[in-house]
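To keep things clear, I will list the structure first and then write my remarks on it.
To keep things simple, chains are lettered A, B, C and D as they appear, and every chain counts its residues starting from 1.
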Amino acid sequence: MLDLFLNAIAAGILLGGFYAAMTVGLTISFGQLDIVNIAHPAFIVLGSFCTFVLHEHAGLDPLLAGVLLAPAFFCIGIGVYSVYYGSFERRGDESLRGLAFFFGIMFILEVLLIMTFGVDYRLVETSYIGESIKIGVIGLPFRMLVPFLAALAMAGGIYLYLSKTFTGRAILAVAQDRLALQLMGADPVRTKQIAFGIGLGTAAVAGSLLIMLGPVEPSVGRLYIGRIFAIVVLGGMGSIGGTIVAAIILGVVESMVATFYGPSWSPAVAFGFLLMTLAIRPSGLFGR
Amino acid sequence: MNQPPVLDVVGVVKRFGGFTALDGINLTVAPSERLGLIGPNGSGKTTLISCISGSLIADDGQVRFQGQDITKLTPHRRTGLGIGRSFQIPRPFGSMTVAENVAIPLEYVGQGSRKEIASEARDILGLMRLDHLADTDARALNQIELRKLELARAMACHPKLLISDEAMAGLSGNEVDEILEILLAVNQRGVAIIMIEHIMRAVMGFSERIVVLDAGKKIADGAPEEIMRNPDVERAYLGE
Amino acid sequence: MASRIVAENLSAGYGAVQVLHEVSLRVESGETVVLLGTNGNGKSTLIKCLTGIIQPTSGSIYLERDGERINLAGRSPQEIVNLGVALVPEGRRLFPKLTVTENLELGAFRPAARERLKDNLAFCFEAFPRLAERRHQMAGSMSGGEQQMVAVARAMMSDPQVLLIDEPSVGLAPILVSRMIEKIKELHDHRALTVLMAEQNFNQAIKIADRGYIIVHGEIAFEGESADALKNNEMVKQLYLGA
Amino acid sequence: MRIGWFYPIALLLVLGGAFATKHVDSNFVFYAGYVVLQFIVLATAWNILGGFTGYVNFGTAAFFAVGAYTTIALNKALGLPLLAIMPIAGIIAGLIGLAAGYFTLRLKGVFFSIATLALAVVLETAVANWGYVGGASGSYVIPPAEVPFFDNYIEGLFSLMLLLAVVAVGIARYIALSKIGRGFAAIRDDEVAAECMGVPTLRLKLIATTLSGALMGIAGAPYPFYVTYVEPTSAFSLTYAVNSIAMPLIGGTTTWFGPVIGAVLLGSLQQWATVTISSELNLLIVGVTLVAFVVLAPQGLVGLARKLFGRGGRTP
């Protein structure tokens, strides 16, 4: 019983780290820029399938593929934000049509993936994915440990970028007061383009982690929408540290529920989390 | 002044983070009184009327309207009780015509039939000298017309107290006079008015009593002539 | 480094409302010039024109820097800041959810100021010891006076030659106003700044003024070539209190 | 009170539709027509909240499926007929709408949108785990062998959906022309100003979420009889959400007839296209049309038409 409990916790922490990787891009776009990018999980799934192709046809290691894809996703992000800015943000029309825009993108991505790959599950195989290490009674499978470590590295890198570089600080500030940022000599649109690009760049890496963790089909992104938005809100809308902690809390709770009540309840946990967060503490647990 | 006040603000405090915008304000307004609320920029005037009209909730203290405690009521309830306000930066309902804008509060605050509402809307627009624009889309109005629409909508709330938040800022001399005439006509109907204004000529001429705020505190309260002689007021504006 | 600002026949406004009518003014290198008048007369609009926040409908604005003449009209705020003109905006406009230090570091965003970030930060903490004590506090949770200090310090972080200040007294208790005004003088002297300050608090503002303008209904109503010339002007009280 | 032109025309439409069932032999017309009408209901329902008040519901599929599964459950448990189930489906879906609105609408509007998106996923999981209604593998519904007044059940379903569409559009039109609708429009234009002008904004928003959800649920109730076999992935399909958003945005969100125009155009196009091209390409067209319209024609076809005829300018 104790073994089961400890393993559930360990698996939850690893799962939480992976959730953090999925969420950190949204922490930037939604938490810091106020852009409700509901297509984020769809871009993650796109990242998974691109990883799959690079792995299958070029033999690239999935994680390496994710990292190589990130710059391309960064550029897509700049393009998407430019359209979003020109069509909605500048006109003050984010709330209805801006949301519909991202919803449309999410839908288009999903349909394109179905048209290209069908509705079957795809997966990647590497030498280390099947392995695991054992610490006492706790087993840590590599297919979860690698995403966990990669997630922490990515989140840490973004944290350093945001707090230690000038552009990073501008990203933290841009949603708080656009004009004041201009008075610092920074271009708010440029700043948001970069930030949104980084957000999508993380989706490429998260996508490679997702397909490492298990098989992926085109519409799987939807399962994560509730989870990752709950994590952003719970994490304090824009705090990287808060995102990691909130992701790990959700991971552990989900893992416990899955272990003791059955895995079919996991999505309900995330939704309960989201509703509870919104109802009880909309500023999040770690609001700045 | 022996009538019970229509509005009674007692010790209202409002903070934004570490910044204390209102620091224990007391204020009363008698029925059909014309009160001027002045003070340097950032002294807390708009914050105070937001606490009165309900767009902000006071952190401490009490707001009473006709004897009823309204400190925590939602804005629409306060509007229903008889507090009408205009916004400093006009906030028209852009998809509606001028007459439709005015009909919204008439419909939600009043009880009249469609016909009565239409005729009352015409009356109010006539009072505001906007009747010729009744069927124009609100988003096509110019600045002075928008200011008048703000006042017209506030009037349509059937207020016993009308709060006019800088209805004249940026207007020309003639336009200021026009708004003043309108507000006087409104007052003649028995509506108490709180006027926030930077144009001294206007506020001094209009008000029976002036209240001066500075840095979130009330520093003077009296007749316009007294206020002009008050050294504290001179200090607030001119400095020491 | 000598920097002066010259504006000629500026007109500007918001939509259909014209606020400034053919205003001309100049700020010579190293001077402290004050722009006086009560609210709603166009002080802020003029400052906003000079910093590119709104564009004038007609007239010209030049920054003359070491003999080089740069047209400011048509430029965005960020371009103007990068030319060495910093603004302390009305209402302070801090980043409330960033710490004091983060606010100040953002002040040094301008490429020309980045390498001097450390020195400037030390200078600001020395000038405002209160900020050094509270460097890790969120700017939004500070008192009005402290926030004004952050706003001024943040502008100084961009290493400006010209400092524009819009209503530093807003929302501050009288004692804090006079301290803030003195601090601005101190910064001016220390850094040989060219300062233009819009302020309605007449007696405080003229304490540090070399020259000043009184602006009424969007026009220059009086130009005082010295602080004394402003002080003895009969017009002031009438303008301010409608007496 | 004047009767106006709407109600006679609505009545004529319903009677005409019922009459057509007696004289048109091709069942395809009714199968295809049913789907278009169903989209008119969904688009109209979505628009009562999204178009009139400006709050986006991504969970059309959830409300629709709640209706569908109410039918399956009640039909199996109590053998209730469809007409008795429909109001119950409406009540359940309406209560879910009310709850989602109550928990999130006091915050920023986007949280409501996110909650509806998550709601769809969670309800789908719940249904997939609920063995009684067939779980993930789905369940069959046997349509009644005989339907009074009609030759076969598809004609009956078609007429029912036609009636429902007319009622839904009638409700939307009634709201648009009533005090509530003007309150909705005030909220959409400027919620703060609306509240200060005496409009009880929270209550009105909750009315919108409840009514919108209820209509979606009612539209979903006949679905099991239409397809006869229901499984979660089809009942919760994202196509309901994307269509119910795309149709009003294409037609024009601020009027009651905008969604109808969008649903008729986009719905018919899809019915025509499923015969000629693949269903994925079909969906891609819907998605691309949605994005193209929000970017290029933000006021929809109604807005384009108004621009063409120059309404909204200044009357001299």
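The definition used in the following text is that contacts are C-beta pairs under 8 Å (C-beta built on N, C-alpha and C of every residue); 3 or more make two chains touch, one makes a residue touch a chain.
Remember, predicted model here, so these are calculated numbers, not experimental data.
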Looking at CA centres, what chain is most distant from chain B? A
Of all the chains shown, whose C-alpha centre falls nearest the centre of every protein C-alpha atom combined? A
Chain centre separation (chain A, chain B; CA means) in Å: 48
For chain A and chain C, let me know how many angstrom lie between their CA-based centres, rounded off. 43
Between chain C and chain D, centroid-to-centroid distance (C-alpha), Å: 56
Flagged in chain C as touching 2+ other chains are 96, 138
Based on the touch definition given at the start, go ahead and assign the chain network to line, ring, star, complete or other. ring
All chain pairs satisfying the touch rule are A-C, A-D, B-C, B-D
In their complex, what parts of chain C are in touch with chain A? 51, 53, 76-78, 81-82, 86-87, 89, 93-98, 102, 105-110, 114, 138, 154-155, 158
Taking the complex as given, what residues does chain A use to touch chain C? 163, 166, 169-170, 172-173, 176-177, 179-187, 288
Can you list the chain B residues touching chain D in their complex? 53-55, 74-76, 79-80, 85, 87, 91-96, 100, 103-105, 107-109, 135-137, 140, 153, 156-157
Give every residue of chain A touching chain D within the complex, in rising order. 36, 38, 83, 87-88, 91, 93, 95-101, 103-105, 107-108, 110-112, 114-115, 219, 222-223, 225-226, 229-230, 233, 264-265, 267-268, 270-271, 274-275, 278-279, 282
Flag every residue of chain D that touches chain B in the complex, lowest number first. 179, 182-183, 185-186, 188-190, 192-202, 254, 312-315
